[in-house]
Amino acid sequence: MSTPDYQQILEDIRNEVQPLLKKGKVADYIPPLAGRSPLHFGMSLRTLDGTTYSTGEARERFSIQSIAKVFNLTRAMQLEGDSVWRRLNREPSGGAFNSLGQLERESGIPRNPMINAGALVVMDMILNHAEWGEDLILEMVRRISCEPSVDYDLMVAEAEHETGHRNRAIAWLLKTYRNLDNPVERVLQAYFRLCSLSMSCEELATAFHYLAAGGVSADGQTVATGEQVKRINAIMLTCGVYDEAGDFAYRIGLPTKSGVGGGIVAILPGQYVATVWSPGLSPKGNSLAGTRALEILTSRATASIF
Amino acid sequence: MSTPDYQQILEDIRNEVQPLLKKGKVADYIPPLAGRSPLHFGMSLRTLDGTTYSTGEARERFSIQSIAKVFNLTRAMQLEGDSVWRRLNREPSGGAFNSLGQLERESGIPRNPMINAGALVVMDMILNHAEWGEDLILEMVRRISCEPSVDYDLMVAEAEHETGHRNRAIAWLLKTYRNLDNPVERVLQAYFRLCSLSMSCEELATAFHYLAAGGVSADGQTVATGEQVKRINAIMLTCGVYDEAGDFAYRIGLPTKSGVGGGIVAILPGQYVATVWSPGLSPKGNSLAGTRALEILTSRATASIF
Amino acid sequence: MSTPDYQQILEDIRNEVQPLLKKGKVADYIPPLAGRSPLHFGMSLRTLDGTTYSTGEARERFSIQSIAKVFNLTRAMQLEGDSVWRRLNREPSGGAFNSLGQLERESGIPRNPMINAGALVVMDMILNHAEWGEDLILEMVRRISCEPSVDYDLMVAEAEHETGHRNRAIAWLLKTYRNLDNPVERVLQAYFRLCSLSMSCEELATAFHYLAAGGVSADGQTVATGEQVKRINAIMLTCGVYDEAGDFAYRIGLPTKSGVGGGIVAILPGQYVATVWSPGLSPKGNSLAGTRALEILTSRATASIF
Amino acid sequence: MSTPDYQQILEDIRNEVQPLLKKGKVADYIPPLAGRSPLHFGMSLRTLDGTTYSTGEARERFSIQSIAKVFNLTRAMQLEGDSVWRRLNREPSGGAFNSLGQLERESGIPRNPMINAGALVVMDMILNHAEWGEDLILEMVRRISCEPSVDYDLMVAEAEHETGHRNRAIAWLLKTYRNLDNPVERVLQAYFRLCSLSMSCEELATAFHYLAAGGVSADGQTVATGEQVKRINAIMLTCGVYDEAGDFAYRIGLPTKSGVGGGIVAILPGQYVATVWSPGLSPKGNSLAGTRALEILTSRATASIF
């Protein structure tokens, strides 16, 4: 089978999604996110051999937000291996990504590492290894994205910190169930910094190379074992886009992770990483044009893990 | 109908409940409460004319805890009247007194002022009137109990503050829904002080005179209107003992309010206030011997509002 | 204290509620109920000595629907005493009157006898005593209302039967938890007949005399013990109007039971039974004008159990 | 990469899982299932070219139960295409496979076609095409399994019918929300027959060939489009094993579907169908030895879709 003409597909996608750009709703709970125009669109596809196809604003950096939870989990698995599952589960949440009721019903054990409660617990594990655990993650991301200038956007982190009342409630509930070792404010600060990572589609496509390549990063280092990579991909597929996991699996058929900044990352193991960015969100919180873009991609290039 | 021989009834009750004293479980989440022996038992009944009948350790002070929520509500109604209901409901909770899931489902509007979330909102209202709002309540309680030495137990308050993670989670969730005006830590501090009120059965029986007497306190001042008193009693009956409200109404038939310190207050409008204390709790968190004591009282004295 | 001029109060109420008549929504899930005009209004108040005050269409019969659940419970308590509580609780439901989720969470034990699941279990108990158990209730109602012509409206019962899918689901769920002994269709048939009872305000005021009079019916027979009456009143207060129990207790302050046909019954123990009918319902399913009528009554006649 | 020695792997698996056989609990809610010994074990793996590897009792027929829901969905998609999603969703349930509470919260729209509520709706769609819709499915299964003797086990179906109170409650709740067109008892009868399908591991491995082969069945006919196959596999991965979907994705990494009879089917698209049977179940209702067998298979043969 010949390689699809990815560049042409990306250009077609960019044209097709134009009408959707105005229909999404930009996240407005903090000023730095609210300031983005819904008209932005960028997309990259990077194959295993390093070839990168891009369209639109693929080099414009944006706030990757929850996409960073995958880096968070990867770093924790490096440090703790399978024992991360002593403190959280890996089942789909079947509901809101920031529900306190679910966390309460399940006695402080988050359903998976992709909901906020789970990511806070994962960050807490990392903080048990280093006081400034978020720097361990930043260091890794800079390396695997081959881009040392990648950084936290402290203005975004600060804005999240000021308005993050629900995450604060979640953290105190975790504390109630003794599932948070470090001080609540320290965990929140590290978590909000993590989510403030500012990266472009191209940088993300490089950084997530290891999930398509059995654990080896774009710069040739082993970030995770082959087994770990399969498992992270499985978690992305079942839990990566909150209450749309089933719909994404059905329509796109790839492991994906989205962020409220409008970014989405998708992995076709053994072949490529695709990344897309458009700030307008669907009512369920995933990039509207981005979701459609990935659906067109997998349909046009007849790619799917299934 | 002749007046029942209350003194005899109280003595009988004290004898009958002895076997129950060892069966309850003393609250142990903070050291000052955990330190109390389950063998304590005291009871008072104070009729409208001021006659007081007592048995056991009716003059021993204990931590009144959630019983103070009634003072809290009364003080807020003095300050704000019916507008307190703009920020909370008055329906039975049908569940745990400290549920975050319920608060979340109902978008930050507490179901009633007797669950923790509701009491925090009520305290927040009072703090909008005075920076040290809890002192407004203390002042009132000292007056209506005719006992100026009544005070907060700051060691209890401090212990609650250190371990009150779930209340902290509730407060932040209220903040998420913009239903808390003052800083979370200030509201919690005031709330924990309120709950730390240390009073005896006799002092409580005097202090709650106004709920049996149409709003007039034992020292002859108007604490609430007749209408307000009826409404506070109605809230106690439907919401005063958490998820045992129906069972208390069925077995005891009086408006009651319990606290985790083992105290319970019951009102027979137009006739008396009965108070009881025994630290051993039932699995649902109400004083085991105290509940039985009130059941015997209303059965023996054939009293009920129904 | 002189007796209030009840006749005058009733006339005033009738005038005051006129504007509300058009604002309620008539139950329309079955044709026989949907056919009633929202403009109907009738009210009766019957004191312990048998004096009856009436206004409006107080002699017009209507479908009493859930009000009949009180007769159902009374009859079962006659047959089984306190052992009725082996199969159901008496706590406020804190939610919808016909929730399957709650019944499932609580493993098939209905929260109280005033929600549909609870009433089905109560009827099932009665059917264990007589194949046509609903006739045992009818017989009792005819006697205590001093009106032998009171009857089931089989057209209403039939219409309920045809459309009662949710009650059917509830019954099968009870069966799942082995909390229904008789065949589902038999229990449903008896239950729908029970709810189809057609009575007027005056007839209801007579029939419920026993709840104001310590268990003695208008025709001088003992329907329940004094203890049982207190307990039935307690259940009405905490559970009689579904998710408005707290609000009714607060605003009206009497044990009440409502029906979807627009009727409401209220008890002031030792003094009177008040009944009201107006088919237009509030969004929570209680008669809009009827609720307001009772609120005016207890406010004007300064009556309350609290 | 050379083909793994599947026969050797299967033999190894059979040895390794022996100690687990006694630890599972055989489903005992109907006699025909309760009668099976937990010591049974069979497994088959059939590659795309038709080569079949087997071990243990791979030719012994068992009750495939919920595995049949995949045939059900496939048949409905043949008849109705994407419009099946007008009446049900495809999100993980995040909870029990037979929850009424969830169905109620989501207003009668089942979360996916793999929970009982969803399968009933799918069967109802098929019944809209043929009065004896279950025969349409049987006909297809006989063809794609190349085994005309495959049949319903009417004794099992009858036993389910007699005890299926919870499914009956679900069906009536669907009816309440107008999401069931045919008579409840007809839908249930057809559904229980569907679940009573009696097949062996080898027969299942042949029958599900189409899910590994882009929609073409073992006998060379097109059962589904390539797109449909991807989507069915996606649904199996996210919803196929109830509340263990995340754990299965993590540990096994293949689309799977289990049944309470102890069978599990797993698909590696483009390569093989693996089937396993052992009646002892885990507390979550999936075959204990069967789950472990698939985990060993994918680990030993380093296969995964991720």
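Letters A, B, C and D mark the chains in the order given here, with residues in each chain numbered from 1 onward.
Methods note: a residue touches a chain if its C-beta (ideal position, glycine included) is under 8 Å from a C-beta of that chain, and two chains touch if they have at least 3 such contacts.
No experiment lies behind these values; they were computed from the predicted model shown.
J.: In terms of CA centroid distance, which chain is the most far removed from subunit A?
T.: Centre of mass proxy via C-alpha means gives C as farthest from subunit A.
J.: Distance-wise, how many Å sit between the C-alpha centres of subunit A and subunit C, to the nearest whole number?
T.: The mean C-alpha positions of subunit A and subunit C differ by 55 Å.
J.: I'd like the Å distance between the centres of subunit C and subunit D, where a centre is the mean of that chain's Cα atoms.
T.: A distance of 48 Å separates the two centres.
J.: Quick one: report the Å distance separating subunit B from subunit C, using the average Cα coordinate of each chain.
T.: 32
J.: Residues of subunit D touching 2+ other chains?
T.: If we look for residues of subunit D contacting two or more partner chains, we find none.
J.: What is the complete set of touching chain pairs?
T.: Contact pairs between chains: A-B, A-D, B-C, C-D.
J.: Within their complex, state which residues of subunit D touch subunit A.
T.: Counting only subunit D, the residues touching subunit A are 89-95, 111-112, 226-227, 229-231, 233-235, 237-239, 243-247, 249-250, 253, 255, 269, 299, 302, 304-306.
J.: Show which residues of subunit B lie in contact with subunit A when the two form their complex.
T.: Result: residues 99-105, 165-166, 168-173, 175-176 of subunit B touch subunit A.
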